[in-house]
Amino acid sequence: MSAPEPELARTVEALLFLSSDPLSPAELADAAEAGEGAVLAALAVLAEQYAPGRRGITLRELGGGWTLASDPASEDAARRLFSRPRAAALSPAQAETLAIVAYLQPISRPEITRIRGVSADSASATLLDRSLIEEAGHSRFGAVLYRTTTQFLKLFGLRDLDELPDIARWDPTPEEQAELRERLLRAGEARAGGGP
Amino acid sequence: MSAPEPELARTVEALLFLSSDPLSPAELADAAEAGEGAVLAALAVLAEQYAPGRRGITLRELGGGWTLASDPASEDAARRLFSRPRAAALSPAQAETLAIVAYLQPISRPEITRIRGVSADSASATLLDRSLIEEAGHSRFGAVLYRTTTQFLKLFGLRDLDELPDIARWDPTPEEQAELRERLLRAGEARAGGGP
Amino acid sequence: MTAVTLANLELDLEVFSGPFDLLLTLVLREEVDLLELALADVVLAYLDHLERRGELDLETATEFIVLIAALLELKSRLMLGGEEQELLDIEPEQAAEELLARMLDARRFRAAAAHLGELLAGEHGVRFRAAPPPPRLRRAIVHAADGSHDPDALGAAIGRLLSMPPTISVRHIAVPRVSVAERLAHLRSLLRRGSFSFDEAVRGADRMTVAVTLFALLELYKRGEADWVQQESFGEIAIRGQAREAPVEVLAG
């Protein structure tokens, strides 16, 4: 093991902080452009600083990788923090993406993007993360398909998908006969194409 | 301010680590079941431990609360690891629209358009999508109103909106204004009198 | 300097030929009738000018856009005015002040935008943790939030996504669900009771109805049945009855 380099320990600490998954010494070494020996020395320094009971964050080795986690002693406080009612839960981008999945499921991400006219990547990642949507196999072109979850129904107080509100109330052109999916795609493409 | 309690500092650190949004002293106090004075003392201890340059993580007061962030020195390594740039720069149209919303919020899209002299539709759609602005109800004419988000404050390194400089700072001097006025009224005359 | 560049924009239009600055002055002095001037041609001339120069000077372009937008607004006001004096009577100084106010606003926010750009650049390399909370804590969140979301938000989002860009939505006019006649009757019944604000006339109405009501109001104005005052942009529109004999012509739009 090499002698610890304070600079490298800081970089490793930042990478562990930013990553939601455990990182292996090899991954850390690649990213920090350092040798694996030096990375192990840096991890040893950090393990000392983050020894259990010293801080509110602990450094743990999990399945061949290293990760930062909150100290279990703070769990009650964390539970209180997260269980407070949250206002303004969905951003407009998230609400739109969720509405598209809810009404058209199963639907692929490229289709969501075509309807919204802008990328839905970050919105769908958040929705997946919050267990409001989930993957539902692949389209015949290989794209991942999404559908809503039981969790979604619970959050929106719905017994099943048939209870989704009738969109006629918000439909700018209710006389239009075409299928909803086709209409949304057409409108999305018109928006993306821009006017004259 | 109360004397620091090491236990509370650990809890506060854990909460800051777990939350993706900045947390106010009041929110921290509620979750930790501690007094706000004690929380402020704990934050002061943490601010010392996380002083810039000491670790790979820094403690920042941003967006109406406190949050942990990576030290910019680790940016190169972070970019190699996550292969995703932190945040794309803003186009001039987006920056202008964002500035108008930041200073005049809540403000409707027609008003933004009026100030910019060109449509703000695509710029505001991108800003919404990047969660830099959000909807804030409707004007009496039914136009959607916009305001900036906590995400905006976070990304731009602002504690609150009061940190934005007074807009009058960029006003032209009275002489420059007089000159502009003169130009608007007299340009033709000067032209007619002064050769080609 | 921007002034020189815009001043050098030579125009050759039906009602005017000469530099842009001169046109602006003449319009402000009412020596060229804004109503006779095809602003689209001015824009085209500017685009040609840009093409010839082979480069886009953003400063000048922004200034031009702001000025042309101000001219457009003045012009549309003139067209709506119809009757000779009241609305037409914009003093050249007042018009210049309006243009100046616009230019100052544009400059302020351009500078503020540059400042925001610097702030963002100054935060380069600062990243935040975006990891979801551990699953056992996530369950606590879920439990607290059951039934907390309104399904109507989803329907409303679909409604927004179904709306076509304005150019295509001309179809709405072809299949009107609200008729001008109906809104005329509505406005007349309100007028019989005295003066009222436009807000009151369209309270709770959808966007289409608001638009048709505005058409109806223009029609009433044209027939001399109603008059209105709006103190400031986006301010309240106060409408009152007007006893007049001769109907006034409204310029075709």
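By letter and in written order, the chains are A, B and C; residue numbering begins at 1 in each of them.
Going forward, a contact is a pair of C-beta atoms (placed from the backbone, for glycine too) under 8 Å apart; a residue touches a chain by one contact, two chains touch by 3 or more.
The structure presented is a predicted model; accordingly, all values stated were derived computationally and were not measured.
The chain with its CA mean position farthest from that of chain B is C. Ranked by how close its C-alpha mean sits to the mean of all protein C-alpha atoms, the top chain is B.
Inter-chain spacing, taken between the CA centroids of chain A and chain B, is 23 Å. Rounded to whole angstrom units, the spacing between the C-alpha centres of chain A and chain C is 38.
Each chain gets one centre point, the mean of its Cα atoms, and the points for chain B and chain C are 27 Å apart. Counting partner chains per residue, chain A has residues 17-19, 70, 78, 82, 84, 92, 194 touching two or more of them.
Residues of chain C found to touch two or more other chains are 127, 129-131, 133, 137. By the touch criterion stated above, chain A contacts chain B in their complex at residues 7, 9-15, 17-19, 23, 27, 30-33, 55-57, 68, 70-71, 73-74, 77-78, 80-82, 84, 88, 91-93, 117-119, 122-123, 194. Put simply, chain C touches chain B in their complex at residues 3, 7, 18-19, 21-22, 24-26, 28-29, 58, 62, 65-66, 68-70, 92-93, 96-97, 99-100, 102-117, 119-131, 133, 137, 199, 207, 210, 233-234. Within the complex formed with chain A, the residues of chain C that make contact are 127, 129-134, 137-138, 140-169, 171-172, 175.
Listed in rising order, the residues of chain A touching chain C in the complex are 17-20, 69-70, 75, 78-79, 82-86, 89-90, 92, 95-96, 98-100, 102-103, 115-116, 129-131, 151, 154-158, 163-167, 169-173, 175, 180, 183-184, 186-188, 190-191, 194-196.
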